[in-house]
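Structures incoming, each one as structure tokens.
Next come two complexes built around subunit A: one with subunit B, the other with subunit C.
This part shows the complex of A and B:
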């Protein structure tokens, strides 16, 4: 067989090879994204995602969506403009959450005995599904950034509230009021994470009374739009072939 | 010659493989907390822990023990470490092998960070409930913002029983008693599994047809728009609308199930109540201090003035949690950790009682292997070569008086 001849000799064989490629690429993509995105999110979201007593209504709501929209935007750019595949964001979150759960279960619980109900990851799937659908329906990076990025930020808090609300039930403890999440942070000793490191309820957003979560979510959504643009361009550049040498 | 070289190379490679493999199989449990690695001046010139008591040496799972004692916040706090304006009374254990049921400074519960004043002495207590069986090194610890963890003395405590039997009951303000160890776990698993399944369904919808190669060819051929069908759009809309509806339903049903929730609590606790120590009647001036490296001994020349109405003797020098005692004056009966206790480690050139109204200059030597074992000798490599510690004097009636000393330290290498 010469170099100019095809490696397959029939349509059926071509389809079979194509499907094999599909699974190989999808498998590789999934685990590469899992590794890269996981490290990125641990470094940037870190403690806000690790502990329930960091998951507050101001900074967690603000930080987590902003730092997590990065990889979905980039992978969307590759999969959509190269293949017209609208699952870039979802495949990222599937990878991230699998990695996070393995980490939380094997490391946090298995090695250091922190109960899982104290160190479970945040749920990012609702925003990812909407982000993918908006890109698919509009075929526009700009509209996806604005509408999808906005949805990404706004859906984060309500998407996590069913899991978080039970931990915000108040408790009286030795004459002080705490939430159950605060109590988890106090009971389950973290030698290297003293209380003052916790960045919760800080900031100057004091004119909205108790309803700061929606305001924080809107701010997060706005910044997510900007971050989406940036990382979408990264994805486009990374998914291009201009930096490879032509034969 | 070449044959020998080849054989050496091969054997070296085999030895390397055996070493790497052996290292993989040998993974002992880490039980120390780096207390010996922390810069000596950090341990000698920041927080001085004393009168420590670990209430038990062996604790069954679900049973409690306390660590209590006092700590003095050194007035000559080093410039290279941030002041303890934001500090947290912690406990040095390898993960939550105990849970911290309570911690108090001066009788006040301190679940949050506190402000400590330089030069003051505080009483503290930490209540621990055993959770995981094993032998654990339990340390006192103060985290200081900008300074890091300042670890205090540690003692081995054995936890017996099984972790599976551990329970952590808590009663909420709504009157429900829950087990915080497993509370909300099934709800967490349910929602995460549900959303993961929905994400997988979205991926499976697209992966059921050929994806990469034919689609790439179509996009390159300018037929990208033909790849998204009307059915695809209907399914996608279904997913989007369904997602938003489920989020809205989840939010409203959760609010109905948990009508009373409060935000996370945070804030700094100020006004910790220090111990009111009796007026000091013994004054100590450090004339000079040297650390003799070969002898693992620190020698001080002290001028002691007794302004009280009872004669006193020097019984103990305490620095970085290591206690040097003169057994003729004072012995330990608290079960203090052996490795931190030099029962005969303090020698005073003339330790006869110092009568009221008199002064005496004495040579004091604190010697023990602990200087080396606890790497306090590394003080000579620190950026601010000074030592500090607590001197305890005892009068005729057995009353104790604490005096803080702080002075430059000159190393002696011969």
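This part shows the complex of A and C:
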């Protein structure tokens, strides 16, 4: 093509073309990232995210933030560092939550008939907002990893507490003490998932008192910081524009 | 003025930069087709999909599998063959406006890829989780697998391959070699399909319970990361389009 030619005939057309591409890019990025993030999250933290009786104070709090900070870190590495768009983490979480909510309604409830208040997804939005705001305010990957990553881990349980608290109240059923969430799992039988493979709090952390969730959240925050660093660089690589020369 | 009038006439007669009709029809194709698939699952999953030894399973599910195999191979062959056969042999000498038009067509393909990836990696994959954690499997070809692995995954592979081939055969931007991140974005999700081999081998060998986060599934996770390669495609496209527009859009 000629180096002196423009593909558009006026500034107005250039603006229109540019805005149209913005929408096409946003749509594509949103749904492709949604797909990759969702398959990653469902297969690394999914069981804790699917069912309320897995949403305990120890493993859910530990696993979910660690495995979910990955894609937000990678997408921030492109959206902020190349375009100064301060919503990399939020757009990832919006995508993940959209994919999850559609699935829980259409398939968990619509196909296999589990009630939505037994299989709703975890809320990751508070951590995502903080992660984006820290990056926007500091313009520093290191501070975002340390402060934002820590907030990501620490905010997860409080961010879900208003939804989960009513399901963690104790009930006595056939002479046994359990939570309402456990009772849901007891009634809605998952034939392929017998009770003995459920990985939930076993009580050993109570050796230090009853502070299970805070200890788990701090451990999760620590690992989230490390994962953020790692995935930031993954994101930089995935955002590359390099070509391999054919031999 | 006469020349201007001619030019305006020529503009009016030429093809639009973005063919919205193709975009809408393509999107509807995915959405309506998958709505029908979901309806089929809802009806025949429970009534004919619980026992792989039952005759109705053969009728409603194995036949579905055989038909989709044939259609997928045919579609891939025809579509990829057509894009390759009709490639532009003088791609480096097209006008900037034609190049911009082709970028729009390329993005129409990428939007279709977004639909295909969403349905494959998100919708039908998590759906498989709830099916298997609820119904005990007695075959590799369960109703959810026949849709997830052997329908929705091939469809995004076909769509992704078409995107890549279109870019490679019609856009000057992609003529300097093979775009690494684009290949990752297309080949990575493609590798999820061969990874089904590991998955089914493991499920058959151990006949284990349905823990969705089991390490056996981590191959899917690894190749799912490759979807992030779309960010490299976006960056390349933004650079190319900005060069074509040559306008200060601030």
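Assume the second predicted complex is superposed on the first by the 232 of 247 C-alpha atoms of A that agree within 3 Å, B and C clash if a C-alpha of one lies under 4 Å from a C-alpha of the other, contacts with A are read in each partner's own complex, and residues count from 1 in each chain.
Quick note on the criterion: contacts are C-beta pairs under 8 Å (C-beta built on N, C-alpha and C of every residue); 3 or more make two chains touch, one makes a residue touch a chain.
Note that the coordinates shown come from a computational prediction; the quantities given were computed from them, not determined experimentally.
Touch criterion met: A:136 reaches subunit B, while subunit C stays clear of it. By the touch criterion defined above, A:234 lies against subunit C but remains apart from subunit B after alignment on the C-alpha atoms of chain A.
Of the two partner chains placed by the overlay, only subunit C lies in contact with A:107; subunit B stays clear of it. Of the two partner chains, subunit C is the only one that A:242 touches; subunit B does not reach it. In the superposed model, A:192 makes contact with both subunit B and subunit C.
Of the two partner chains placed by the overlay, only subunit C lies in contact with A:35; subunit B stays clear of it.
Of the two partner chains placed by superposition, only subunit C is touched by A:45; subunit B is not.
Contacts of A:18 after superposition on the shared chain: both subunit B and subunit C are touched. Subunit A residues in contact with subunit B (one complex) as well as with subunit C (other complex) are 15, 18, 21, 25, 82, 111-112, 114, 190-192, 194, 197.
Across the interface of their complex, subunit B is touched by residues 15, 18-19, 21-22, 25-26, 53, 55-57, 81-87, 90-91, 93-94, 97, 101, 111-117, 120-121, 123, 125-126, 128-130, 132-134, 136-137, 139, 155, 158-159, 161-163, 165-184, 186-192, 194-198, 200-202, 210 of subunit A.
On subunit B, the positions that touch subunit A within their shared complex are 33, 86-88, 90-102, 109, 111-113, 131-132, 141, 143, 145, 149, 163, 168, 170-174, 176, 178, 180-185, 187-188, 191-192, 195-196, 198-200, 202-203, 206-207, 210-216, 218-219, 224-225, 227-228, 232-233, 236-237, 239-240, 243-244, 246-248, 250-251, 253-255, 257-258, 260-266, 268. Only residues 1-2, 5-9, 11, 14-15, 17-18, 20-21, 24-25, 27-40, 42-48, 50, 71, 74-75, 78, 82, 99-100, 102-103, 106-108, 110-112, 114, 119, 190-194, 197, 234-235, 238-246 of subunit A touch subunit C when the two sit together in their complex. Of all residues in subunit C, those touching subunit A in their complex are 11, 17-18, 38, 41-42, 45, 92-97, 99-100, 103-104, 107, 110-111, 113-115, 117-118, 120-123, 125-127, 129-137, 172, 176-181, 183-185, 189, 192, 209-213, 217-218, 220-221, 224-232, 234-239, 241, 244-247, 249.
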